[in-house]
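Letters A, B and C mark the chains as written, and numbering starts fresh at 1 in each.
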Amino acid sequence: MRPDMEEGRSFLKRVAESDAYFSFVRSPVTMFAAATTVICIVVAAFAPWVAPYDPFDLSSMSLMDARLPPMWIEGGSPAYPLGTDAQGRDILSLIIHGMRISLLAGGLSMAFAVVVGVILGLISGYAGGMVDSAIMRLADIQMSFPAILIALLIDGVARTTLPHEVHDQLVMVVIVLSIGLANWVHFARTVRGATMVEKRREYVQAARILGVRPISILWRHILLNVLEPVLVIATVGFGIAIIMEATLSFLGVGLPPSSPSLGTLIRIGNDFLFSGYWWMTIFPGLALLLLVLSINLLGDWMRDVLNPTLR
Amino acid sequence: MVTVARDEPMLEIRGLRVDLQTRKGPLRVLDDISLEVGRSEVLGVVGESGAGKSMTGAAVNGLLPAAVAIAGGEIRVNGRRVDNLPADDLRKMRGREVGTIFQDPMTSLNPLFRVGDQLVETMRAHLPMSRDAAWRRGVELLTEVGIAEPEQRMRHYPHQFSGGMRQRVVIALALCANPSLIIADEPTTALDVSVQSQILRLLKRLSAEHGTAIMLITHDMGVIAEMADRVAVLYAGRIAEVGPVGEVLQRPGHPYTEGLMGSIPKMGSGVPRLTQISGSMPRLGEVVPDSCPFVNRCNVSLAVCSKARPPDFEFGASTVACWRHEAAQCRAASNE
Amino acid sequence: MSRPSRNTGNAGGRRGEGRPIRPPFLEVNSLKLEFDVSPPWVQRVVSKRPRQWLKAVDGVDFYIRRGSTFGLVGESGCGKSTLARLVVGLYDPTEGAVSLGGVNLTGLRAQGRLGEANSKVQMIFQDPYSSLNPRWKVGEIIAEPIRMHGLAEDESAIRRSVVALLEQVGLSGADARKYPHEFSGGQRQRISIARALAGEPELLICDEPTSALDVSVQSQILNLMCDLRDEHGLTMLFISHDLPVIDFIADEVGVMYLGRLCEVGTPEVVFSRPQHPYTRMLLDSVPTFQRRGHAGHAMIGEVPSPINPPSGCTFHPRCPFANERCRAEVPALIRSGESWVACHGVAEGRIPPTGPDQSGGG
């Protein structure tokens, strides 16, 4: 009754015959989302080469070109397809560089959350008892604060304790820490549950009989078997982290205008929205929407394919 | 053993074919299955996992999984065709004419309702009965399946019963609309041996008393030996052998059945080694259509076995799909 | 439970005839394990309920001679799997000890030296799907015991051993590069056996190794295990709920009920002339063609909860021969005929001998 059992064949052939690939090519929305995400990431990674201008190069800026509308509106210039901001910086270039910073902040904070969450989840699920209770109560406390509040709190503390210049340099670290800390609980809970299931499996008992040390059992045996749901949550969480970073930046506690993320761009543009310069905020906003939507659609698809019970 | 009148079977399956739809095309799950079960008769359906025994039961009560569908043949319950019924009629038929007992009693019981209410609801869904009458009948049924203090037990929830008692409740539930046929899919596999024998004896007695036909699906030859009047041995979606249980178990006509019987350890046999069939059953889609599915594991195979599918040959009181019986018999069975 | 509950003298059974009597190899001494199944502290205080203990294994004594196989039978919940896990050290006993070849394993494990204690012990599990790590290649799975116990000098020696082991269990060396999901249930059980043998064990614990398999595959695995046992001189503790399987593979059999052994002896004697009423009922409920139609002594009731087991002999509520003494006093495992039986009725001689009708189906 198991037609899906595969013989050992080449990896590519296995991928091409897998259920995941099948459902991928059958869903145009997922293919679109994947394409958009990949394009965003590639463009952001190669921002200095892809972007038409360097928005941080003061010499290339001219106040003469400030507040130009997009090219298809009268007064716009084909040199600045999406118009310019108040300092004459190209909006398209700003978006490309902003996306780079947003993706970096979102990615790093997710990575931080994954590392903390997975480690605590593994320990909690495997050790049980008092250790488990302690970690899970900590998670409960964490969950009782809204994520934004935690981020604001950490940022606020960092701002008051660190000198201004140091803070500006460390702002990325602060953002990553605060968003990461707000998100580790999901990973910890999921990994804890999966670990509790895995540790009862007989392959773990076989390893215990051999005298394999717990840390080695967790690292070599259990970790790989609990990562699937982590991948799903991390993808959805990636979108959320980007939004959180944008929110913090929009509220002015995030990345400074000197290294603007999409959120910073939206905030700066927002000041000019009622003066009629809508393109300064709408285009970064659309870029953020497209990026996060694509990542979320991709995450939804992964959840359906990898673990339908999470739905 | 075959004292049952065979003129009017309760269940009749003719040339049933069932396909699993995959993205590479259909795979044949059941290939040309023909069976009948008479009144008060217990037909054992036995086979290894993946042989298609559960699918046969699911095809009869219309509970095939989503990707699996009947591709040909017909199924008649009490003379009425049921394989092409619309979903609504199928639902009415289940419970009314065909009762079902699954391996896990909790598949059939709703944990949120009292056992009595579930019995009453099921009865009233199928029979014109007042609540009181249904309740009284429920108490009778629980008594009949051997549950002590039935009046109190009617008010209990499923979790308040032990595993064996739960399976008794499920049997009461399957019997409550007086069905002509009960499909019991591994009814005792989840139970301990001591409880298993109690449940089997109960089923056997009820079948005799109510005239209910039972299709008993199991992997356990011991259960077949104890319970069944006739037995059908399934192999890779086909019937290898059908016949009275004594014939099939003690004088098997198919090399597969013979190997299977030899491979079961027997009490007090004192043998140093068990007979074994090498290899394993072909998986879905691996069976060559024009051959015997057992040919690769068979140690008495003939040249014809890999060239043509064996038709059903008569062998004593059994019917056997094996080319070795062609010579002994000269003519093929007339129903092929 | 009385200490001198030593089982039959001539272990080795049918295959052991003519061999010298060997000293005990695995010794299990008054082993007890209680699980704390109390409700959480707050609930206990609020509803004034006492702590509750589940006696999973309640004073078990037996030994296995080197090279022979001890079969443990019983219904689910009787504690046979827990006993196996106690022997390999997956649980720490509340009381009692396990020793192997004179070495006290329980003591070693208490010092955290599990690997050392288990250097000669391996286990085969029931579920062929969860006993192999799905993310590891078969070669790595089999190599793990070799690495852990340092049984090979270098990688190429490990690879050679893995291939040899795969071939011993009837697979091919090329299978080492595959993942477990590419194999059927029976093949996976062969891989489990190869992994167990890789640790060069002297004692092999088998917890229902064939219960999840189809009968035609079960016979392949049972034959393989017999061959390997003879080839490697393994001592085995074989657990099953299936009496004919135990009859086939074991030299000695112990029948367990609610955490205690109730009858111990050779399968020939225990299964053809059972003395304990529970053993008789168990045998009576094995479905066979020969006994078809005979009502036999139908088993009554089900196994009670081990949390609040019946007083005295725990079998008394289901026993047709129970009297006041059975309800009050726990019977000890004592010598009776060729076997050891824990039953007041048998000791007092008030239980009728088994009739020919119940002789296990011949």
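The criterion applied here is as follows: a residue touches a chain if its C-beta (ideal position, glycine included) is under 8 Å from a C-beta of that chain, and two chains touch if they have at least 3 such contacts.
Fair warning: this is a prediction, and the values are worked out from it, not measured in the lab.
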Length of the shortest touching-chain route, chain A through to chain C: 1
Maximum inter-chain contact count - chain pair: B-C
Chain A and chain B, separation of their C-alpha mean positions in angstrom: 54
Chain centre separation in whole Å, for chain C relative to chain B (CA means): 33
Contacts with two or more other chains, residues of chain A listed in rising order: 5
Numbers and ranges of chain B residues touching at least 2 other chains: 49
Contact set on chain C toward chain B in their complex: 14-15, 75-76, 184-187, 214-220, 222-223, 226, 241-245, 247-248, 268, 271-272, 281-289, 291-292, 295, 298-300, 302-303, 359-362
List of chain A residues in touch with chain C within their complex: 5-8, 201-203, 205-212, 221, 224-225
Touch list for chain B against partner chain C, complex: 48-49, 162-165, 192-198, 200-201, 219-223, 225-227, 245-246, 249-250, 259-260, 262-278, 280-281
Touching residues on chain C, where the partner in the complex is chain A: 85, 88-90, 113-118, 121-123, 125-127, 130-136, 141, 144-145, 148-149, 177-179, 181-182, 192, 195, 199
